[in-house]
Amino acid sequence: MYFKHRDIVTPGDLLARGRFRVGANVVKVGEDGYYATVLGSFEVQNGVLSVRALRGPYMPRKGDRVIGMVVDISMGSWSVDIRSPYEATLPAGRFPVRINPVLDDIRKYLKVGDYVYAEIAEFDRFRAPVLDATASREFGPIKQGVVVAIEPTRVPRVIGRNGSMIKLLNKELNANIVVAQNGYVWVRANDSTTINRAVRIVKMIEAEAHTQGLTSRVEEMLKTLKSPSAQPSMSGEEGNGGGV
Amino acid sequence: MADLSTVEEFVPIQQKELLALLSTGVREDGRKFDEYRKVEIQTSIYEKANGSAMVKIGNTVAVAGVKAELGEPFPDTPNEGVLTVSLELLPHASPSFEPGPPDENAVEMSRIVDRGLRESKSIKTSELCVLPGKKVWVIYVDIYAMDHDGNIVDASGIAALAALLTAKIPEVKVEGEDVVLLESTRGIPMVERPVPVTVAKIGDYLVVDPSLSEENVADVKVTMTTLESGVVSSIQKSGSGTLEESDVLKIYDLAYEKGKEIRSLLAKLG
Amino acid sequence: MSESLVLITQDGVRLDGRRIDELRPVKMQVGVLKNCSGSAYIEQGKTKILVAVQGPREAHPKHIALPGRAILRTRYHMAPFSTDERKSPAPSRREVELSKVIREALEPALFLEEYPKTVIDVFIEVLQADAGTRSAGITAASIALAEAGIPMRDLVTAVAVGKVGGKVVLDLNEAEDEHGEADMPIAMMPSLNKITLLQLNGRLTRQELEEGVNLVKKGIKELYSLQKQVLRARFSGAQVEV
């Protein structure tokens, strides 16, 4: 092993020689050489070598919940930009409301520039991703709150193990934050101050995703925000909350 | 994110077959790895050109014409003649060549041939000066690829060289500021005979003078232009494959050897 | 070679004070632009280059898309103010050729099969040219691609060697390129020890060719470690200059 767990590695770094299993962003060359293919943090777990990338394009996967922006409309479907190398399609038949595209103008339901929350129903090497917004009540057009973009590679950190981080944020901030796999975060709350706070914390988690002690720093920050001196002001400013 | 454990090097079927053949030491057309196809050189075929040549390497055909005109020198070389080399891929040569502005392959090939002649300083441009600072000989070398069966670069470079070696330009008489062209002619003063040799790498094998089908499966080609003395004056690696460090000198040695053979063919010209 | 210009002294000291195996001062930054997938900026001596990577993104028009992999497109371009005499913004034949050889220098390093039917665009803009632009462009492009998270076999690192005053030297500056006897830019994937760009103009003997290849490895090794340094610093979050 030439690197240890959590070391920062770059493409072409020889990670180890020997017999290991290959995980994400690692390639085996020759008999026993394992190389990193991206810039990221090296992870060794149970004999599996992988690299958690710092950044990278979002690759759609069936079942992923994503948020996208409508960029084009045809008679029976919307073209949706899900921030991936492939543009997705949301057919009218997969919209939460029954639509007859022949009789109805589907622009009534979603127009260019609108955001929509859906899951990836189909994606393979031959077809563009197909979205489906019928499987959950959460799915459909996004009409309130804000949508912010984060690096798709940071999504797991913002969600936390078993959703622990996002549950913590929602509880402490009294907000409704939804993190889509493709790096869009949808924030709803009762007032704009809370929304702003939520966005700032999410951005902080994104920026510090790779560091140690992040959870406790987030908890600290949340405590500070709840203190009386940090009550919402008219302008939505942070007051003397921690340096976000 | 991405699991690259199953990514294999994508080897097209054609390449697999060719590699299998090469592993037995033989090329598709039966040649050895260091063997050129038959090279034919004809010169002085177009009377209206100062010099001309047609070169056939196997079925690849390139034609070069030299035109010499009096013109102005470049400002930073006021007492030297000018050399302009251009190579065009005619639509005659291949269904994949379209008329119109040159694509990146055509531009690259043209510049490779130009550099081969220019960097070797093979033409004594100082002897092409007629009125210092005002009038010099401008030598235009225009090369046309007429039939493409691989290795247009070598055919073109050899054609250009042959055309230059056999070109005749009028002698001049200078009377004050006037230049009079005389009936008598002289050759273009050349001090080197640079020969481009292209080697293709297919898998781990280096083959000289790639045919069209070899070019299509080769990962990478290298053209090296060498002089009689063994000096190399231009190198270009082309294609998205890679080379081993050791390939560089191996290719040089092939280029030098083959360059000598082709130079001896040129020596037989009138 | 100019009589009045001594490019290199008997003791091997060059016009700018460097020794024959010394690189010019290099500065690299990554993640300098907001609206692209990856970006980098490099200064090598007086050469200054900015690189942006866009993609992988859908190939348009659709018919250019390849079913099994991404297409890499590269544009090497010199800004009109980058040279002594204004250079016309229209692409010259030289820029067309360099765009091609640079693309071919980067392509072997990328796992293009990961993104079928897409296009990855690399834009290399030379803001100030003082020789070595294609090499510095490649070095910067490769860290921009790494920053974008596009999987690579290795980084690609490039620098030119040349012959100046009869001696084989590393990393020519403009004066040396103009008045010297040879210029040979080389790019490699250093960990894999493979050459991805090899060009020469000028005259070298077989021995000088060999010397040049050995010397370039030294320069490449130094630049490679700088590339890795700047990428690691980027990971740590800071907008660090290396």
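Order of writing sets the labels: A, B and C. Residues in every chain begin at 1.
Going forward, a residue touches a chain if its C-beta (ideal position, glycine included) is under 8 Å from a C-beta of that chain, and two chains touch if they have at least 3 such contacts.
Since the structure is predicted, the reported quantities are computational estimates derived from the model, not experimental observations.
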item	value
Most centrally placed chain - per-chain CA mean versus overall CA mean	C
Of all other chains, the one whose Cα centre sits farthest from subunit B	A
Chain centre separation in whole Å, for subunit B relative to subunit A (CA means)	55
Interchain centroid distance [CA atoms averaged], subunit B/subunit C, Å	26
Subunit A-subunit C separation of Cα centroids, rounded to whole Å	34
Per-residue overlap in subunit C, given as positions that touch at least 2 other chains	111, 149, 151, 189, 192
In subunit A, residues with contacts to at least two other chains	25, 27, 37-38, 53, 56, 153
Subunit B: positions in contact with at least two other chains	1-2, 4, 7
Residues of subunit C defined as touching subunit A within the complex	37-38, 55-58, 67, 70, 109, 111, 115-118, 146-155, 189-192, 227-228, 231-232, 234-237
Subunit A - residues contacting subunit C, complex	8, 10-14, 25, 27, 35, 37-41, 53-57, 85-87, 125, 153, 207-208, 210
Contact set on subunit B toward subunit C in their complex	1-2, 4, 7, 10, 104-105, 107-108, 110-111, 115, 119-121, 222, 227, 229-245, 247-249, 252, 256
Subunit C to subunit B touching residues, read off their complex	68-69, 93-94, 96-97, 99-101, 103-104, 107-108, 111, 113-114, 149, 151, 184, 189, 192-206, 209-210, 213, 217
